[in-house]
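Mind having a look at this structure? Questions to follow.
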Amino acid sequence: MIEFKNVVKQYPNGTIGLNNINLNIKEGEFVVIVGLSGAGKSTLLRSINRLHDISSGEILVDGKSITRANGKQLRRIRRDIGMIFQSFNLVKRATVLRNVLSGRVGYHSTFSTMFGYFPKEDHDIALDALTRVNIREKAYIRADQLSGGQQQRVSIARALAQKPKVILADEPVASLDPLTTRQVMDDLQRINRELKITTIVNLHFIDLAREYATRIIGLRAGEVVFDGPVSEATDAKFSEIYGRPINEDELLAADAPKGGVTV
Amino acid sequence: MTPAPTPEAAASGAPTPPPSKKPAPTIDSKGLQRYKMLATWIIFIGVLVVCFVGVDADFMALFSDGARQNMGRILGEMMRPDWSYASHIWKPMVETVQIAIAGTIIGAVLAVPVALLCAVNIMPKKIVSIPARMVLNLVRTVPDLLFAAIFVAVFGIGAFAGMLALVFFSFGLVAKLTYEAIEAIDPGPLEAMTASGANKIQLIVFGVIPQALPYFFSYVLYTFEVNVRAAAVLGFVGAGGIGLHLDQQLNSLRYDRASTIIVITLVIVLLIDYASTYLRRKLL
Amino acid sequence: MNPTDPSKSRSALIRNWIVGAGIIVLFIWSLSSLQFDGIQEYGKQVMLSIWDGFTHPDWGYVYMSEGEDLLRGLLETLIISILGTFISAFLCIPFAFWASQNMSRLGIVSGSGKFVLTVIRVFPEIIMAILFIVAVGPGAFAGVLALGVHSIGMLAKLYSETIEAVDNGPREALVSSGASKLQVLRFAVLPQVIPQFISYALYRFEINIRSATVLGLVGAGGIGTPLIFALQTRNWSRVGIILLGIVILVIIIDLISGWLRRRII
């Protein structure tokens, strides 16, 4: 589904963002990328839909090279990749439905969308996407009236409205509290299972990674230092990825009130 | 969740019944929104059409041969300013700045007591602050050039009428900005002083003025910027300054000289703007 | 306010005295060349006749079945400011994008845009009105054009500040969903800025209604024309009623516009 071939990202100031990455992510996988901040998680994710350009190498999405794609081709590939952001990235003063509908623009010509009109099928798709994340009833409310967790679900619905083959989520729960974190992660997992959408998530919390992922990729200083199923991602492995013992704040359970949750 | 429910939110959100029963109210609110949008657009376009008809707006006239020739001729002459005329305009230019300075300072001084009367944290008695504000709002409805036209009719042609116009205008502007600044000051020191037995005058001198003074000076400078621009055109109604000469040159169709005046005025206005903005940034 | 270092406080004190003295000198200088004579000649009598005119406004002028009356003049003033604001609210959009730092990579682009806007802003609308009168003849249309062009200076500046403050998140989201540049503008930028744009346009409308009352002084339509005639003929009761009309019109417009602005934001 997604193939990284010798991908290198070097910033203009010489820093290496990604160092010779080779990965092959298969259809329907729920991949969680872990690593310290600055390890290149976000760069890796954003290079998949070319929000960041890479310096050399090639990335294939569904067999097509996004690295070489241009203009229309690039937009056509991006249309198949939904993205979810840490800060939701909604138009706050627009209604929930308008936000979700904006995920449909890739399917229409620039001219026909300029008037802001969407055909009925698009409305149905958007409402269906909202139903999937259980906020159908908020469709006509302004986005800024919703809580953080609800806003993140709207942005999931927006990604779903694209009818994507892949969903990228860049720290989707970093600005949420533990309870809504689980709701959002549950939504992502359900969508991954029900719609067979390949999902790649950057996460800070390693217990969440273990709980939801089917495959974990560990990054350290722009290199893949771990790639395997959850069963192999032991505490010792995580210490290796992080280059030090696991901290309390890297566990979601540590943030939550004292309960029975153990890692 | 953030509060402040819109009508739509209130219609759909309050009791939170199970999601399956939800569609009905949201469809309603959608319909309502749509009608509101439609009505707004119809009213808006209707007003515009009435206006365009009412004013005989003939955009073709703007691009007609006559208009093109006129504009072309004027702009052509303006492109070649008569720099030899520049020596004649320094004196009226200085007068323009003088009008602005005098008008600003007198207006600002008069504004201080009124601003104090308007600020509710100094003058809690509504019987004083509300009429004071009404007077202020009344003064602020009249544009500077209108004041000038009136004062020219009363006191005759000359710079005095212009200065008086700017006095009134500055008074309104400075007083409003200042009383808003006074109302925004930190109440802590005032409370401390009241607690230690200070009277009203002491309160103002030691509690209010130190906090509000930088803002006041900043607003005065800003008003001065506005006044310099205003003073440049006061002459069109006979209230002195460079505008009088500009009017004369425009009336005698000397667009090359008019252009000289406009360019020099713009440069001086821009210089004063930049200097004043710099000073204001240092103040605050 | 209470520095411990006495020399510092003394230098601050000296500086304040110098600034104060400078302002006073400036003030005296500014009064020096202003002509004050001629005021006494008129004296009490003029004042009394003005007072008389203002306290007995010419109510008959409010509405006359034909001819130029107060209501028609005020209506024309209103129309001039509505159209002038409307025109500039659209004309200024390209200028606003030109002057916005986050819309172009080169600083020179936005810098030059900002400079052009400053020049438009300080170019007085009265002069613009006179120039348009030459082009399209005296009347309300010249006033509309003058306000329309002059307002660009301020509106485009406010608009560009709004554009510079947009949240980049939605843009990123739209780009990632495969939107074209125009689609990003339409669905991520415009929804964020339009309410603010409308609010600024209304604010400018409040300013323009005041400006429109004086455009008539140079022949660009509106209530200013009958006002200048009344002033020149010293018809104080008519001046009184016209001023009253202007004040009421401006207050009503301020109230309506303020209410609309609160609803939009």
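The first chain written gets the first letter, and so on, giving A, B and C; residue counts start at 1 in each chain.
By our rule, a residue touches a chain if its C-beta (ideal position, glycine included) is under 8 Å from a C-beta of that chain, and two chains touch if they have at least 3 such contacts.
All values derive from a computational prediction rather than experimental measurement.
Q: Which chains does chain A share as contact partners with chain B?
A: Of all the chains present, those in contact with both chain A and chain B are C.
Q: What are the two chains with the top count of C-beta contact pairs?
A: B-C
Q: Distance-wise, how many Å sit between the C-alpha centres of chain A and chain C, to the nearest whole number?
A: Measuring from centre to centre gives 49 Å for this pair.
Q: Between chain B and chain C, what distance separates the C-alpha centroids? Give it in angstrom.
A: Comparing mean C-alpha positions, chain C is 6 Å from chain B.
Q: With touch defined as at the start, can you tell me which chain C residues reach chain A in the complex?
A: 167, 169-170, 172-180, 182-183, 186-188, 191-192, 195
Q: Which residues of chain B touch chain C in their complex?
A: 47-48, 50-52, 54-58, 61-62, 67, 70-71, 74, 94-95, 97-99, 101-102, 105, 137-138, 141-143, 145-146, 149-150, 152-156, 158-160, 163, 210, 229, 232-233, 236-237, 240, 243, 246, 250, 262, 266, 269-270, 273
Q: Given the complex with chain C, which residues does chain A contribute to the contact?
A: Answer in residue numbers: 49, 51, 74-83, 85, 87-94, 98, 102-103, 105-106, 110, 113-114, 116, 155, 158-159, 162, 168.
Q: Could you pull out which chain C residues touch chain B in their complex?
A: By the definition above, chain C touches chain B via 1, 23, 26-27, 29-36, 38-39, 42, 46-47, 50, 75-76, 79-80, 82-83, 86, 118-119, 122-124, 126-127, 130-131, 134-137, 139-141, 144-145, 210-211, 213-214, 217-218, 221, 224, 227-228, 231-232, 234, 239, 243, 246-247, 250-251, 254.
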